[in-house]
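Submitted below is the structure of interest, expressed as structure tokens.
For reference, chains read A, B, C and D in written order, and residue numbers begin at 1 within each chain.
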């Protein structure tokens, strides 16, 4: 199962995870603990500072579990301690780290949304304030390897996307590129597991509030719509805006997206399947399911895989796209590593099998 | 909390539940055990025949728990034993009971889909075979009290709808009647708790298959679309066909439907809310939620209530409707009792508070 | 189903719930909203002050939902506003309310642990500080109706027990009274749903931490052992100390206790069953299950009932007792109302059917 | 993370899984798909015969997913197709396979209970009928590596234990060997996830029956007590019988056991911890937790690890032992592979990291 790329001459890369007490951070640590090249040397967390990793994360190898969380402010002192930095800090707080680390020439994979929109006006529209570091936006590469692989190979600042964008952009992009749908007719419903909201200590995230419950939220203008529409517009080569309804469901890991749009010309299930197979047939982490299979959350749990399927609703002349991924995996931590592998010139699958 | 209509002169009605070993049947028994007029005198189940009710259903009053399940074939002998019959048998098996019971003049509330479509051609389209008793279709009344209240008052055969139709028709009907949306643009996503699939002993319904999992199914042509489009077309006074994506989520009770459609004319959140309030403001079991509230599954669990909310997505010129109900309650058993109350000339809320 | 005691001449009792934003408080409100005599006139919550009840609790009747949470400090002003007070505040914070309300002659049902141990030394042993109002301990009556019914009939201060004590004391008391077990051999394992921990906004209670997880905690000296051993010793007429292992399991409502002890003399399943039936055969809320039935959490969910069963393990000469209850119901809110019914001279089952 | 033992000269072993459609079988396939030596060449399942593995098990490498389930009867033809056989068939159906495979000289790891008790009389006591192949019992080795490592190194027939025995024997054995407890005072409570019951299509295992529910079962004489007491007696060098209360809880994977016994002499938490550390300090898959940590189900999910902790209850002079494991991992499939590694002379951790 170890990728071919793992040969003795590969040099270790000093790797840091900044903000590692949340679900994203923990998942990064689990994946990185098995990575043959990216070697953890620094793990920061304000909340867990002074504790050993094994106190809050189980199943780590002993030498890694003995590492201690430190509290590190953005700055040159932090930058000196590693060469590759994964930022798993909350949206809006990554920018100062990025500025300091890029000033020191370090490679940064930012899992927050801070550098995902290329246009600072779009950032302001969805986040309500000016972008904190617009000068760095041009060098940020959106971290979807299946879409931006070539640019990622030379990226120094990767804006790793989250679960909603990944689960929506990957199914839609090839269909948009093929001109098979009417771009103004896209309606997306996503079901998100609770880990997508992070490990925040909030009333609404208590077991007693989530179990046996479900609801839509964040409608009609979820803050991740900006980056979603940016990437869909790139694929369509025209402005795309979508109706988006996210839902919370009582599951920890997992995201399911169901996308409908009006067909722009006649097509069959087989036609859609062929377009998706053409786009993703050789991708190591994308499974295009043949009918009658449909994506399921458990099929991709604890993995970097995404499942995609397509159907035509001939009665209404619409297509239906379905995707499932692990919102801590392909929707977050493991995809960030996939992008970092590319940026470091490594086999893209390293540490992810 | 006891309804005004409960006065001493109300005579008991001999009531039977046919097929009471499933989740629908059990829920009927729980509601009927508290009903002041409908008095259970007969409970049938092939599977549990010979057992006392308390062996398979907890929390029943003692005298009711002592009642024994019997195995009763459709026919005149069955018809003699009660005056009001609730049928909780699988789709496709209700017709022989309905024929025999109506021949004996009895009132029947059929919770299966057998008599929900008025047009036998639609039945054949969605169920794949000829309707087994087309002669009875004209007298069947679709059991949605908020839509067909007047006809239900004299109904002898009630076709009680299930969870998907109830959660979709109630939010959409007033908006369609008001002409606020383009009828060919409706897209519906529904999230269903597992109890909606019944108490079938099937691999896919095991805890190990459902927990930590979710998926879409039954696309693009779920068999309940026939009745859904029939009722939406009635409200719109024109043919309506919809794109429908049902999903299974890891919850026992509960259904959430999210509906989008293109606005046919400019409207605000307040406009939509006003239309819904106008339609349902005095309904005892419909809650129209003001912004920023959105329906939640737990808010309606174990009740006959449905929550509805509406939003405008100004960016895409679409409306979004949201509903939640208990798929064993307003989506099934308690709504059937609500309809039966009407048919028997009783206060509609009897036994449902 | 309405109890015989509900006759027109019953006068309403002005009733208050203090600290109603937690799970206990919400459950009290749900039960009280259906109570024919205890009429809610005051609901306090620091956290929700100013909000209407319906904003945080669904399914309340409209007139009750319109009531507003107020923030009320302990004192005479509070005491004037009602005649019966339910305190649903955290352990350790009830005493000032009790002092003020009793000074004003009001009846108090305290759901915290503050007045459950009659001996202030035991309180200090388990809570680590002096009892805040020892002068009131002598008048407090432990609120287990099946054990202290006569004293509850004249109680002015009821110390309502929680889920662990109720689920352990009720099965054991009759067996101890009958001298059937060796008092120093009792081992108790309890599985608690998360609602037993309250609606605290803490990391360990997040869905992501509870779902798919379980663990023992609070060993070997859980703070509720003091009251448990107090009541068991009363039943045994000798000092009883027990080994107790509480566990958290991924369920919201429900508690299951499994109790073992060495038989002091030969006994059969039937002997144990007879002792329990003799003790509880006429109790409205205690179900003694005949073999082969064993208690289940779902059988008592949303009710004031407790299920109990007993078995002999002839191979090891031990008895096994099993109980299940709803830790917000018989283990908390509804049992508090049962005790209050007794204290007010009402039918014990009022509002609880 | 790859074990040192993985060197190029290791020859592949033709490996079969018999009965691979259940949860145990699927878990075996997942672990074996990553095993560097045991190479799957045959997978049998009556139920799934003719299907590819990838149709029922997600996440397998492509070449493995393409393998087809076959339906194979016990016999010489089956024996020829592999050299190492894992049997994941139901209890009571393994014996004919074992007889045929051992007659052909093949190594067999039987995950059923058929060969776990060395005394056929004990087998008859707990299973109610004569042992089907008593002549093979002497060569069967109980598959707990931490207890029977030396005998496993030359084993040809491994009786791999299930989750209850593993979770109970491992914590107790060192304490019994040290003579720290009174052997007639042991009381065990185990909480089992649903996967422990297998992937049986039974009403009691439906999501609707398990979710929000929990209960004790199989008391007082669970059929796995025979092997548990056999192994505990070996450790104690005297006859041990225990009181055992298994429980089902709403979780898929995971087992938690809580064990109490009277101390035979004075001891502290540190004493118990030292005994466990002495026994397991160098074991790769046993984590002895220091106070105040206690085992949790999630810490060992999807792994071959077991967590163990001990406490003294000074008030009652009892010790408390706690363990957690994944009932498809260390309690089943991965432990079977650990034992097979030993039997094949490999590094014990191969394929399990």
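A few comments on the model shown:
In this text, contacts are C-beta pairs under 8 Å (C-beta built on N, C-alpha and C of every residue); 3 or more make two chains touch, one makes a residue touch a chain.
As the structure is a prediction and not an experimental result, all values here were calculated from the model.
Relative to chain C, the chain whose mean Cα position lies farthest away is A. Set side by side, the interfaces C-D and B-C show unequal numbers of C-beta pairs in contact, with more at C-D. Between chain B and chain D, the centres computed from C-alpha atoms are 47 Å apart. Work out the mean CA point of chain B and of chain C, and you get 37 Å between them.
Mean C-alpha positions place chain C and chain D at a centre distance of 40 Å. Listed for chain B are residues 212, 250-252, 296, 298, each touching two or more other chains.
On the chain C side of its complex with chain A, the touching residues are 23, 194-195, 199, 201-203, 205-212, 250-252.
Touching chain B in their complex are the following residues of chain A: 184, 187, 189, 191, 212-217, 219-221, 241-243, 245, 247, 249-254, 256, 258, 260, 294-298, 301, 311-316, 318, 320, 322, 324. Interface residues of chain D, counted against chain A in their complex, comprise 1-2, 33-34, 58-59, 61, 212, 296, 298-300, 302-303, 305.
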